[in-house]
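Presented sequentially are two complexes of subunit A, the first with subunit B as partner and the second with subunit C.
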Partner chain A sequence: MDAPFLIAAVLTLLSAIAAISLRNVVHCALCLTLTFLGLATLYLQLGAQFVGLTQIVVNVGAVAIVIVFAILLTRSSDNPGESRFNKGAIWAGLICAAVFATLVVAINTSYVSMKSGAPAPPLTVEKIGHELMGRYVLPLEAIALLLTAALIGAVIIAMKESNEKGGGQ
Partner chain B sequence: MTLETWLVFSAALFCVGLCGALIRRNAIIVLLSIELMLNAANLNFIIFWRYGVNADAASGVMMVIFSIGIAAAEAAVGLALVIAVYRHFKTVNLDRIDSMKG
Partner chain C sequence: MQQLDQIFVTLKAWALGHVPEPLQVPASIVMSIAPIMLVFPGIFALTTVAERKLLGRIQNRLGPNRVGPFGFLQWAADGLKTITKEDVVPRNADKVVHFLAPVVLLVSALLAYSVIPFGRNMYAIDIDAGILFFFAVGAGTELAVFMAGWSSRNKYALLGAMRAIAQMISYELPLLLAALAVVMATGSLNPNDMVAAQEGGRGWGAIVPNWFVFTPWGFVGCILFLIAAAAESNRSPFDLPEAESEIIAGYFVEYSGMKFATFFLAEYLGLFVISSMCVVLFLGGWHAPFPFFWCDWIPSWAWFLSKLACIVLLYIWMRGTLPRLRIDQLMNFAWKFMLPMALINLVVVAVWKYTRPWDYFGAELVRWLLCVGLLALPYLLLGRNLLSNRKWGPRTYRYAS
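The block that comes next holds the complex of A and B.
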């Protein structure tokens, strides 16, 4: 186990736990951004440079901003006297611990090929571009359509309802 | 670095996200936890691409690129829904949004 992995993994896990447990929602969003950054460094360590940089651009850049906007638009809704956890939080925690234990047991007992010392497979941006325009051109078009539809749908859903005054706005 | 270490880390990240989605009352935090789980799945794709038998192909990286795109679309639609719900109920507390509960 080497030091860069350990630092990034501990940072990612701690900021993820902070993101789900802090009281202030803005702090949660900032911790989530830190988690995304830690994940990007882990992608870089795994030899997937393009994915790591995409993670920074998309998740750290765009998704975090969208989350902060949503927090600002739904402000002043939290009641400070109220608990931020559900009534069944203990059971939920137990379920999560059980899921984690099951996954760890499954990982450690299953047969997987271990190539710990293997070098990272060479994958340049040029090759990714050729693949995207060749073998993966249909999924690329499908995801372009999906993104367009999703963004138009998001705008329509979040638009103000105009049922009181009948039209306008 | 062995494959097991990476997989256990990714499982831990997934379970943190699952826990957040189950225990929190704020709808935005629940969406944020779903993002965490999606990212753990993406990490798994990259891990198996790196340590898998056919590591030369670009399949794992392509999968993650498309998955990140879908996650971005999901975040946009989900947060728009949260804003619409907030405008209707004046709260994002999931325990109070119970109009359809008998």
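The block that comes next holds the complex of A and C.
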């Protein structure tokens, strides 16, 4: 429980709460970005450089931008009138609590937490690359295929909408 | 000459020796950060004057010539003016986001400097995934531009922000792929390893430096990187997001006084850092270009800064020469030319790397011809395709005929 961890944890939690409770959608998106940054900081503190920095590149650089772009293109950013809780709030809360409890139990009984305090060997990016291209090459290619399919699907949806006017831009 | 080369490193070590033990870590951090925060804004101040003078020469006028000798103190006058100017915030603006946008932009530009090796043993942090860190903090600039454009509640600002984000996302891909070529060639994500890989020279008397720009893939990668960097930092001819004649100034139209100056500063700092990255990736970092003995007399950081100055001057020259692109030309160029070229370049890196063990008479020539051919053919085909799709017609004016 050192100071950098506390700062990152408090930042992550506060921005996550702000992201679900603020009224303005764009503010929520910006707070969500802050949450991503806080998570990345936690990864970096654990010595997972590659995961932490990739988290920033993907989530801040791409996902957050796509979210704000979607907000801009689909609706005005005016405040919604209705209450921020709807009828499903209790059920959602219960499900969240159940998932959280399951995760806590799973982590506490897993072998990672059983392990003695021996520090893990430093994991270089080169090692991750070798593992990805060697042992885990099949899952990697499967994910790549899935993403390509999603990309082609997105292009086809966009082409139908634009009706030869914009032409897949 | 060793002393002059290492003067800043020795100076820091000497200063650290006078700091009490418990304060050594924070003092070391401050001493690594402070030079970056002082030197590069200083270079920014000089660049603004140099740019105005140079553009003046290109456009056959004098440029600033009133403040100081030959107008070279113009930056001081400009700085004082922006500090004393009133800070106008639109009444409908989102005050907090409006205030934060220039700060986020400046912070992400400054963070990127921390992984650049400016000279022998001169870097702020040495992390394994330095290149990844560089591009990760660069992600903040897009968000800052969006924040500025959205919070101003101004249609020009929003249009500028939309253009900027579309442009930055499109050109980030070729930028990353061009940098990835060097990562493939060196097998490392650490900028220090990349500089180390470009040491020495080859050819007769080692006259050609081992810089990556002097390989077929490095040359193409360097040009792709420079073009994409110009687009990433909104430099002319890719300055659509802030096109004065169309959308006044784009996303920072509602900024005035010091906040405007912060945008200005952050944009130039972003240009410097991405040019520094180009120097590290392709132009040999802080290595001297020739193996002559007098090259060692000039310290490594001076070589780095002069290479950086050359690239910045190139950008100023480009700004004075090229007209602004149209948005469809910009997008077509990114997706139909830059991206395929960058991908083909990656293949050529692999070919280059795996033909290195070839060891028969004339192998080097065959290797060069193979790689150049692999790059030149797609270049010609893609360029022809891009040109043939152009639909020329009489220009129609809707409002100003």
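In this section, the second predicted complex is superposed on the first by the 114 of 169 C-alpha atoms of A that agree within 3 Å, B and C clash if a C-alpha of one lies under 4 Å from a C-alpha of the other, contacts with A are read in each partner's own complex, and residues count from 1 in each chain.
The definition used in the following text is that a residue touches a chain if its C-beta (ideal position, glycine included) is under 8 Å from a C-beta of that chain, and two chains touch if they have at least 3 such contacts.
As the structure is a computational prediction, the values presented were derived from the model and not from experiment.
A.B. asks: Let me test your reading of the model: by the given contact rule, A:9 touches which partner, first (subunit B), second (subunit C), both or neither?
C.D. replies: Touch status of A:9: first partner only.
A.B. asks: Is A:158 contacted by the first partner subunit B, the second partner subunit C, both or neither?
C.D. replies: first
A.B. asks: Touch check for A:19: first (subunit B), second (subunit C), both, or neither?
C.D. replies: Touch partner of A:19: subunit B, not subunit C.
A.B. asks: For A:50, is the partner it touches subunit B (first), subunit C (second), both, or none of the two (neither)?
C.D. replies: In the superposition, A:50 touches subunit B and subunit C alike.
A.B. asks: Between subunit B and subunit C, point out the one touching more subunit A residues.
C.D. replies: Partner touching more subunit A residues in the overlay: B.
A.B. asks: Taking the superposition on A as described, I'd like to know which of subunit B and subunit C A:108 touches: first, second, both or neither.
C.D. replies: Only subunit B is touched by A:108; subunit C is not.
A.B. asks: Mind working out whether A:72 is in touch with subunit B, subunit C, both or neither, as first, second, both or neither?
C.D. replies: In the superposition, A:72 touches subunit C alone.
A.B. asks: Of all the subunit A residues, which ones make contact with subunit B and with subunit C?
C.D. replies: Overlap of subunit B and subunit C footprints on subunit A: residues 50, 54, 62, 69, 77.
A.B. asks: Quick one: in the complex, what on subunit C touches subunit A?
C.D. replies: Those residues of subunit C that touch subunit A are 94, 97, 127-129, 132-133, 135-140, 142-143, 146-147, 150, 158, 162, 165, 169, 172, 187-189, 328, 331.
A.B. asks: In their complex, what parts of subunit B are in touch with subunit A?
C.D. replies: On the subunit B side, the touching residues are 1-9, 11-20, 22-26, 28-29, 31-33, 35-36, 39, 42-43, 46-47, 49-53, 55-56, 58, 60-62, 64-66, 68-77, 79-84, 86-87, 90-93, 95.
A.B. asks: Which residues of subunit A touch subunit C once you look at their complex with the stated criterion?
C.D. replies: Residues 24, 26-27, 30, 33, 40, 49-50, 53-54, 56-57, 60-62, 64-65, 68-69, 72, 77, 124-126, 169 of subunit A touch subunit C in their complex.
A.B. asks: If you look only at subunit A, which of its residues touch subunit B in the complex?
C.D. replies: 1-2, 5, 9, 12-13, 16-17, 19-21, 25, 28-29, 32, 35-36, 39, 42-43, 46-48, 50-51, 54-55, 58-59, 62-63, 66-67, 69-71, 73-74, 77-79, 82-86, 88-89, 92-93, 95-97, 99-100, 103-104, 107-108, 112-116, 118, 120-121, 123, 127-128, 131-132, 136, 139, 143, 146-147, 150-151, 153-155, 157-158, 160-161
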